[in-house]
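First chain A sits with chain B, and in the next complex the same chain sits with chain C.
Moving on, here comes the complex of A and B:
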């Protein structure tokens, strides 16, 4: 049942994603066709600038649209009248949540792939080849300088970005879920919760920076400076892994909050 | 997978394939035009030709007119990074024979210009470097921007008639120091070989409403007035310089002791 639910979730995403991304690709194609008439004339400059601006605007709009779609699907499917049907399905609350998380992540990945394809279309092939050569050259330099650590850094950064993306979705789900516990103005409450969360994280960040600067005056960090300088590779790996684990833990917290509210405190409209 | 999704994916793939064939980028062509690569033997390869380093220290008049910008990088540096990771940067002559290079972004040295010569002309240029400088033409360099904002630069080379007229002026009696005269502008005239590889600045041509004057600072310093009957020839010589003056404005002043009666 979980598989079927996931399949339908992805299908409903594709119903919106496909036309949006096709439009983006279409605009990229127009931009490429304009470049066939490359010249020094003012008209060509104007046409090219317009095509590039249109492509950039289309990309921004499609990205925002996907983000809104993920949020709206979660809200409508679980917290509005649709919820009455959704929760009759023979699927656990946790599975419902996982379907939403996987669906939103898949939509994000499809959007990224479509953006890459459209960039490939709008850029000249020779330019793409030269960009590819630059990437290879810089990677080779990095490999010469830091060896195999370079590949591990890439993997760690990609994983960190991936977890960060899921974390953002889960944060919004948690805010919506907390907002649903109110009797009235639930969406406004959800937005309010998001801003409170932002304030708290910013306060913690500033407090942490303040404590760090106070401690640095005492010279406590100097003891660690030599160690970090000597083992900077290992230290960087540890920091990246640690930050990913922290992110993962935060995702877990958001997941638990959302799960608990849906499982115990659900109050559909 | 539904038919609609398959159709969409096929359409995207077809678009990508078609676009990969449509190539042409002027900006890349411009970059390629200014990108040379060092080879393992310390030579430079540019547009399929090999350039070898040539020592020009023996001939102080070696001064090729190199105006086409280029950079020389290590062989593996990609085109898009050539302006940032170059070993040498400098210029090449319009006939692509001589490179005049200086230290690039990746070079830790500061040195005078170094010269590279195209392999097929190497012996010829090396022979010329060892020969005595025998000027064949006069000329001057110019540089300004036209109405479209495009750079216009080059060397104006005198015709035979103009060269003969200049020689006559230099050979005429010099003016004596008497009183001040005022001249708005001047241009440095050099003597050069016909291929413009060797140049020596020797003359300065002053021009004003009062007439033309040639200052010869070669062996003995002297100033010669251009006779009225040669004004047309010197008008022709300075036609290009005046276009440059229109752009840059008149900024130069020269004061020289001269007898007004002599003008």
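Moving on, here comes the complex of A and C:
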């Protein structure tokens, strides 16, 4: 049943994703075609600038659209009229939630791949590869200098970004779910919960910065300076892994909140 | 007699408003039961709880002896009082969707009924009239070989000429070992099909009898008794 649910979820995403990403790639192709008529004329400059601007605008719009799509899909499929069908399917709450997470993540990955493809189309491929090589070379040099394994570092950064993306989706799902516990104005409540969450996290962040500033005045961090310099590689890897684990734990909390509300407090209007 | 649906002390509160006030109800297998009551009496609330769309404040509910969950959802065929299908899908895609999820779905029966009503499977739902959309919803529900059919206002949106077809669709296509629970205002149209009736008022069950008992004891039709009991 999980596979079938996922199939329909992906199909629903692709219905919007495919045309959006094809338009982006199409605009990139037009931009590339314009470059074939390279000349010093004013018309060429105008055409090239317009094509590049159009591509940039299309990329921004498609990215925003995909983000909105992930939120709307979750809300509409579960908490509007569609929910009457969704919640009467012989599927568990956990399966519904996992499918939503995988669907949104897949949409994000597809969007990223399409962006990369369109970049390779619109840019001079050889130049892009050269830039990529230089970036890798410089990163390697910097990592070697600091003493960090750059392959591990890249893997850790990718994993961290991946978890962070899922965490953002789950946060919005949790806010929508909490909003559904209200009797009226449920979307407004969801937006309110999101802003309260934002306010709390920002307050905690500022509080941490303040505490660390106060502690740094006392010179407490200097005691660890030698240790951090000596074990910089291990320290950086530990910090990245720790941050990913924290993100994962936060994902778990958002998941549990959403699961609990859907499983125990569902009240479709 | 096998119990298909058992409800014990069901309470549903919306803030201070009590929509259901400790309802207890048992429905046996093989019956068509009318859930009748005026607007705001708690019919749709009860139906939504049976289908797991609302969480009860208190009380217990069992479907074929089991607590509601993924398994029981596979046993219940539900027709809501609103269009709940994706409007961008074609009728054929919706039929395939039902085939994918419900093991008891009979696609050949669905196509047969669609053909009879001249509804093309290739049409998108959004291109159909409101009445035809409701017919598609009913066809999908009745094409299942479910244990419990829960129909919320199945004839409210269709024209009087089509009502007979809808009622015959319900009578002819439900599994005889199953129970059909129909909520409606249009009692006279559906009365001929009912075996039992449940009257609900202000969140309480005021009457649960067979149609035969009502006719014998009260000397009235169900519609007549309803009008008498719920007269303003």
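Following the convention adopted for this analysis, the second predicted complex is superposed on the first by the 255 of 269 C-alpha atoms of A that agree within 3 Å, B and C clash if a C-alpha of one lies under 4 Å from a C-alpha of the other, contacts with A are read in each partner's own complex, and residues count from 1 in each chain.
Here is the rule we use: a contact is a pair of C-beta atoms (placed from the backbone, for glycine too) under 8 Å apart; a residue touches a chain by one contact, two chains touch by 3 or more.
For clarity, every value in this text was computed on a predicted model and none was experimentally measured.
Of the two partner chains placed by the overlay, only chain B lies in contact with A:137; chain C stays clear of it.
In the superposition on chain A, A:126 makes contact with chain B only, not with chain C.
After overlaying the two complexes on the shared chain, residue contacts for A:117 are found with chain B alone; chain C is out of touch. When the two complexes are overlaid on their common chain A, residue A:25 makes contact with chain B while staying clear of chain C.
In the superposition on chain A, no contact is made by A:155 with either chain B or chain C.
Of the two partner chains, neither chain B nor chain C is touched by A:72. When the shared chain is aligned, chain B comes close enough to touch A:38, but chain C does not.
Per the touch definition, chain B reaches chain A in the complex via residues 4-5, 8, 11-12, 15-16, 19-28, 76-81. Interface residues of chain A facing chain C in the complex, by the touch rule stated above, are 1, 4, 7-8, 12, 15, 81-85, 87-92, 95, 183, 264-268. By the touch rule above, chain C contacts chain A in their complex via residues 14-15, 48, 51-55, 69-71, 73-74, 76, 78, 80, 82-86, 88, 97, 100-102. Those residues of chain A that touch chain B in the complex are listed here as 14, 18, 22, 25, 29, 32, 35-36, 38, 117, 120-121, 124-127, 130-131, 133-134, 136-137, 140.
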